[in-house]
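After this come two complexes, each holding subunit A, first together with subunit B and then together with subunit C.
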Partner chain A sequence: MKRNFTIFLLFAKNAFRTTSQGRIGVFLFLIGKIVRFVFMFYLIFFIFQRTRFLKGYSFEQAALFYLVFNLIDTISQILFREVYRFRYLVTSGALDMVLLKPHHPFLRVLVGGVDILDLFLVIPYGVLAIIAASHVVTTPLQIGLFILLFINALWITTSFHIIVLALGILTTEVDHTIMIYRDIVGLGRFPIEIYKEPIRGIFTFIIPVAVMMSFPVQALVGKLGGTLIGFSFVISSCIFVGSLFLWNIALEKYQSWGG
Partner chain B sequence: MISAKHLKKIYRTHIRQNNILKDVFNRHYKEHIAVDDVSFEIDENELIGFIGPNGAGKTTTLKMCAGILHPTSGKLEVLNTNPFEKKHSFLKQIAFVMGQRNQLIWDLPATDSFILQKTIYEIGDREYKKTVSHLIDILKCKDLVEKPIKTLSLGERMKMELIAGLLHTPKLVFFDEPTIGLDIFSQEAIRKFIREYQYVYHATVILTSHYLEDVKRLAKRLIIINKGKILYDDSLSKIIEQYSQEKQIKITLSKPVSDKIVYDIKKPTHFAFPQIVFTVKPSEIPEIIKKISALLPFSDLTVEDESIETIIKTFFEKN
Partner chain C sequence: MHTYLQLFSVTIKEFFSYRLNFILWRLRILLSTLVTVFLWTAVFDGKTRFGYYSKEEMLSYVLFSSLVMTLVSSTRTTELASNIQNGNLMNLLLKPMSIFKYYAAIDGADKFMNIFFGVIEFIFVVTIFHVPLVVPQAIIVCLFFLVCGVIINFFINLMLSFIGFWTPEVWAPRFLFIMILSFVSGTYFPLDLLPTPVYRILLITPFPYLLFLPAHTLIHGIEQQYIVEQVIFALFWTGGTYFLAKKIWKKGLSEFSFWGK
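== the complex of A and B ==
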């Protein structure tokens, strides 16, 4: 475990040193992210200038949904940035060199390119989320459930990224898969209640966007029942097992392109 | 060390039908047998040349031995384990150095990649310093390790690849086209390195190369593969003896001579003062040398086998 963590830190350090070489790129990247965040936040603010509640949620609660979404999304981008570069590894055959190393390949292909730039954005998101949460009436149990469901959401994003990697090996297609994933997950910016059935059901039970993005805040404000909390952990476990199964199949089918 | 029995690898590729609907909804696939019922044994401390034309199945066989590819069928045991299980204890004992693959961090100096390998392979500080310094000495590249990889030439980068790949002093090394694209000086440096590495670390080395000179200079045993099947598995000297039908007599003249005198001996395959080359059958050698001694003023005379390329070409024509 300690060795894996040391390798992870070395990969992260090297990724940061590589990224920081293009200073203009770093500047534009951060500006783009901040502008997008501010615009979306303004949209929520604009909506609440015209109404006091959004599907029964106050401004602070709706803002909390948006901020928790940003936290989960940004943490997954910090950790799994390397997935976005996976296609090159497969098509160039450089994945061979990864598979030959005496560590789990996920250390390199899943979390081997930690994006430090996004780390700078997590801090303001976190501070704003704490401020929004301080305006919400909650209990220690609800806070505990929020933390568990937040970790559960990160577990589901991990599984989704493993599925993207497996599909990358099987089809050499990564870019579109990851974009589809991001577009679908992006629908979780707002409380799941704003969508009508059957969309809401699909985003809860088939593509668990709601489990990832809405359930933690719903638990925090006391609007999530025990059955759905239990369901969250069952579905995340199923997706995780399924993603590992698909990864192992992909390794068996791997053809080592470009040799 | 390696035991391969009836090894087979089939690749499945999609056939395009020039019809987008059929390509999406009714795909047709073609099976390509890359390795077909291959069996061989490799012992410790051997240096083996693995050769064959493009697409013969060399790299696929090696990649199965290293655990990168999963064999379609057959039994494979490398270092007493199934390589595809990718046990860390197994991976720590092998290395795969590919001339066409890069494992170094492009934007950073090679030392950063070396430190990463040190951590991955759990190499102690003292052992790391000793091995790096030894490998740098053999390759004479001390001034390169602190330069960003992207600023190095292909040959220089290959030297850094070799150090990064062999830092953990593996028992079994696969070299896949290690000299591809390199100039003759770099090729020679890499060959020298492979020879010395095998000698010092008692490693088993399997080498594939399109430059047959690499194989001739390094390997004692030769495995020739074509269309996925092993056609030859024996000593290099035996194939030279068996398939070298002609010898080359190379002469360095000490004075210019007329064309007529040279052509009276035998039509040369190359004649440009001071060099003359006659290609002869082994039985003709005594007679030709007698004539040369009588008619030509020369400062040097050597009798050589045909080039390894010609021998292998003859082998393929006859098989």
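== the complex of A and C ==
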């Protein structure tokens, strides 16, 4: 465990050095992400200037959905940025060298490119989420459930990224798969109740975007039943096991390209 | 002309070679449109008006603007930045054709494919989700703004690619531009819902002409009090971005050098 953590830190340090090479680019990307966050937040504020509730949620609650979405999305981007670069490893044959190394390949291909840039964004998102949450009536039990479901959401994002890696090996297609994943997850910016059936059902029970992005906040505000809380942990476990199964199949099928 | 038609045709054939890429791209656009449609439908739950927009008007704006954006924003000029960076620009310069016209032909094909599938998606969303729409108005004026928007966006995108002459950091400025554009062009909501002074200031910039004005004109017709200045600024930015792009292109070309090609 300690050895793996040391390797993880080494990869993170290297990733930081690579990122900091293009300072202007880093600065502009950071500004771009802040601009996107502010404009989308303004949209929510703008809507609530003219309406009191959105599907039964107040401004603070709707803002909390958006902030928690940003937290989960940004943390997953910090950790799993290397997945976006995975295609090159497959098509160039460089994945062979990763698989030959005496550590788990996930240390390199899943969490080997920590994006320090996004760390700067997590702090303000977290602070704003705490401010929004302080305006929401909740109980210690609901806060506990929120934390558990938040961790559960990160577990699901991990599984989805492993699935993208496996599909990357099987099809050599990563770029669109990861972007579609991000677009689908983007549905969670707003409470899942805004979507009509069957869209809502699909993104709750088949592709659990709602479990990832909506359920933690719903639990915090006391709008999530026990059955759905139980379902959240069952589905995240199923997806995790499924993603590892798919990864193993992909490794078995891998024949090494390029080289 | 024949050369550019050939380019148009080859680009269309290219799309059919990378079908999955294109289908996944359109799926992403469709998802984004659906999120906006559902969001505004939820906002109108139990309400008849938002500002001075009725539900029909707002949903029409969302869908019409999505179509407009499909036409205006689809571009292949992003490739030019990579071509400058990797030296492929030399191959293009050696060909007996204008780079501007070359990318206009490719962009034309890109827009043709995107708008074709955009219309199918539009019909799909309206039919499946029973989205109420208003009858389009002032179509000629809308087309005028649309043509201006397409041209303005084409030259702005070329200029963003020209950054490649001076720095390898070509994606970051484009990313920032797209983020700003998404708001100031009216993707999130109609710009005339903003406070009047902010709206008037935005009308001076080129951004509302890319999306807001064509979509807004289709829904509300001509804005009598602003139409003259809108037309003047649309023409100004169309010409202005063209001359600016030409100037930057010449400047960049004079400083361009590459080894190993």
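Operating definition for what follows: the second predicted complex is superposed on the first by the 258 of 259 C-alpha atoms of A that agree within 3 Å, B and C clash if a C-alpha of one lies under 4 Å from a C-alpha of the other, contacts with A are read in each partner's own complex, and residues count from 1 in each chain.
Here, a residue touches a chain if its C-beta (ideal position, glycine included) is under 8 Å from a C-beta of that chain, and two chains touch if they have at least 3 such contacts.
This structure is a prediction, so every number in the text was calculated from the model and none was measured.
When the two structures are aligned on the shared chain, A:39 is found in touch with subunit C, with no touch to subunit B. Greater residue coverage of subunit A by touch, when subunit B is weighed against subunit C, goes to C.
In the superposition on chain A, no contact is made by A:222 with either subunit B or subunit C.
When both complexes are overlaid on chain A, the residue A:50 reaches subunit C alone and has no touch with subunit B.
Of the two partner chains placed by the overlay, only subunit C lies in contact with A:190; subunit B stays clear of it.
When both complexes are overlaid on chain A, the residue A:99 reaches subunit B alone and has no touch with subunit C. By the touch criterion stated above, A:7 is placed in contact with subunit B alone, subunit C being left untouched.
In the superposed model, A:252 makes contact with subunit B only, not with subunit C. Judged by the document's definition of touching, no subunit A residue lies at the interface with subunit B and also at the interface with subunit C.
The touching residues of subunit A, counted against subunit C in their complex, run 22, 24-29, 31-33, 35-36, 39-40, 42-43, 46-47, 50-51, 54-55, 173, 176-177, 179-180, 183-184, 186-187, 189-190, 193-196, 199. Contacts from subunit A toward subunit B in the complex involve residues 3, 6-7, 10-11, 14, 17-18, 21, 92-94, 96-97, 99-103, 251-256, 258-259. Of all the residues in subunit B, the ones that touch subunit A in their complex are 11, 59-60, 63, 66-70, 86, 88-89, 91-92, 94-96, 98, 100-103, 105-108, 112, 115-116, 119-122, 176.
Taken together, the subunit C residues at the contact with subunit A in this complex read 20-21, 24-25, 27-28, 31-32, 34-35, 38-39, 41-43, 45, 47, 50-51, 129, 167-169, 171-173, 175-176, 178-180, 182-183, 188-189, 193.
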